[in-house]
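What follows is a group of structures, each given as structure tokens.
In what comes next, chain A is part of two complexes: it sits with chain B in the first one and with chain C in the second one.
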Partner chain A sequence: MKTNDVIFQTVAKVVFFMIIFFAVRIFFAGHYYPGGGFVGGLLTSGAIVLLLLAFDMKTVKKGLPIDFKCLIGLGLLFGAGTAAGSLLFNVPFFTHAYDYFQLPLFGKTSLHTAMLFDLGVYFVVIGVTMTIIQTIGESE
Partner chain B sequence: MIDIALKLSLIILAIAMLGLVYRLVKGPTTPDRIVALDAMGVNLVSIAAVLSMILNTSNFLDIILLIAILAFIGTVAYAKFLEKGEVIEYDRNQ
Partner chain C sequence: MTVISDIIIVFLLLAGAFLSLVAAFGVIRLPDVYTRNHAASKSATLGVMFILLGTFIFFLAKDGFFSSRLLLGIAFFFITAPVAGHLISRAAYNSGVKMWDKSVRDDLKNKK
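Now for the complex of A and B:
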């Protein structure tokens, strides 16, 4: 039987962007407020799961052509690269650096290399969650 | 004064939560239980809001939005499971 869920699909299209923006906000606020890469990644995958519920796996794959297994590798590369990058400057492994920059739109901002490590955590969490859900969902 | 009011509202919310737990345990059909779980999520949001006022912190406000989003996704997934038997389908057009 073919069902017609217009209301759910329309709501999902709107709520998807709200969840994504909330996830990005939580990801960037992680240094000074509760949040960070883990919660941000889980929320982002929650938004993609909402799309998977509203539509089907084929449509989401067409609109979001990301191989989530590659995302895990990219995230691990970010984490290891941030940790190993400190070796280039003759400081111990995992030493982070930060400085204050005058950005055009944001004003005086503190940029920290821990953000790159957090970005790695973000990618790995999205990759692992979506790989688990897609592998379970695809099996007949 | 506001302190007493906040604690009173916490108690009232806890009583409402007990009523929802009764519906969750007793509910004769599965949709009853799902609606009870969804209402418990909303109740949890209000408890977190009142608690953040009692503890005088604004760090719980993110949690409130998080609980609301998770309750919505969970309820939708349960509803789709009840309607179609599978939560995520591969191709809905066949």
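Now for the complex of A and C:
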């Protein structure tokens, strides 16, 4: 029988954006609400896995030309860099700093360097899960 | 105001629980995979949506908390659950699962 995935592919396209936006929301809410880098990264890679299920690996690689192994390195660099950046200000390793800023669209916002560390976690989680899944999927 | 919202909340939660129970009975009682899938995907979808809507109205009326996550959950479930049922049914048909012996119609039989 000829396979016809049009329903699944259309729904995957719509649902992908819902999951990605929810992942970003969970990532940014991690300081005050449940969530954070790990869950956000897992949700993001879950959205990419949904695309991998609906389409094939080549299409996803063409639409999302990211080397996920480089993403692991970038995330580790963010984590180590945030931790080591505190050494420049003569404070112990891993000391975090925060302050309140008046941003044009958000109003009074507190920005914290722990968020950069969380961004590292986010990148590493996406990179590791996607690398595992792609290597398993590519092996014959 | 609170009495009206309480009645709506109780109705939504009980209706959702009842529909989920109906879905469970359908999965047990119906004869083959397609009719079971029909019961499970439709009835459980509406049941879960009722329960989520009741929860949403509860937090809106009690705490004044507008939970956009519950609305997103309702929309997400409404989109994905029927598609999941469709994919399961199609996978069952393509792998040759037999229909109930009293079925009278199979439009896909000659489409191979």
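Going forward, the second predicted complex is superposed on the first by the 138 of 140 C-alpha atoms of A that agree within 3 Å, B and C clash if a C-alpha of one lies under 4 Å from a C-alpha of the other, contacts with A are read in each partner's own complex, and residues count from 1 in each chain.
One rule holds for everything that comes next: a residue touches a chain if its C-beta (ideal position, glycine included) is under 8 Å from a C-beta of that chain, and two chains touch if they have at least 3 such contacts.
These figures come from a predicted structure and were not determined experimentally.
Colleague: Tell me the contact category for A:49 with respect to chain B and chain C: first, second, both or neither.
Modeller: In the superposition, A:49 contacts chain B only.
Colleague: Tell me which of chain B and chain C touches more residues of chain A.
Modeller: B
Colleague: Quick check for you: in the superposed arrangement, does A:22 touch first (chain B), second (chain C), both or neither?
Modeller: So A:22 meets both chain B and chain C here.
Colleague: Once chain A of both complexes is superposed, is A:137 in touch with chain B (first), chain C (second), both, or neither?
Modeller: It touches chain B, and chain C stays clear.
Colleague: Using the superposition on chain A described above, determine whether A:108 touches chain B (first), chain C (second), both, or neither.
Modeller: After superposing on A, A:108 lies clear of both chain B and chain C.
Colleague: Contacts for A:39 in the overlay, against chain B (first) and chain C (second): which applies, first, second, both or neither?
Modeller: After superposing on A, A:39 lies in contact with chain B but is clear of chain C.
Colleague: Touch check for A:62: first (chain B), second (chain C), both, or neither?
Modeller: In the superposed model, A:62 contacts neither chain B nor chain C.
Colleague: Once the structures are superposed on A, label A:14 by its partner contacts, choosing first (chain B), second (chain C), both or neither.
Modeller: second
Colleague: Quick check on the output: what are the common chain A residues between the chain B footprint and the chain C footprint?
Modeller: Chain A residues touching both partners: 8, 15, 22.
Colleague: Applying the document's contact rule, which stretches of chain A touch chain C when the two form their complex?
Modeller: 1, 7-8, 11, 14-15, 18, 22
Colleague: Taking the complex as given, what residues does chain A use to touch chain B?
Modeller: Per the stated touch rule, the residues are 3, 8, 15, 19, 22, 26, 33-35, 39, 43, 46, 49-50, 52-53, 55-58, 133, 137-138.
Colleague: Where on chain B is chain A touching in the complex?
Modeller: 59, 62-63, 65-66, 69-70, 72-73, 76-77, 80, 83-84, 87-93
Colleague: Inside the complex, what are the residues of chain C that reach chain A?
Modeller: Residue list for chain C touching chain A: 69, 72, 75-76, 79-80, 83, 86-87, 94, 108, 111-112.
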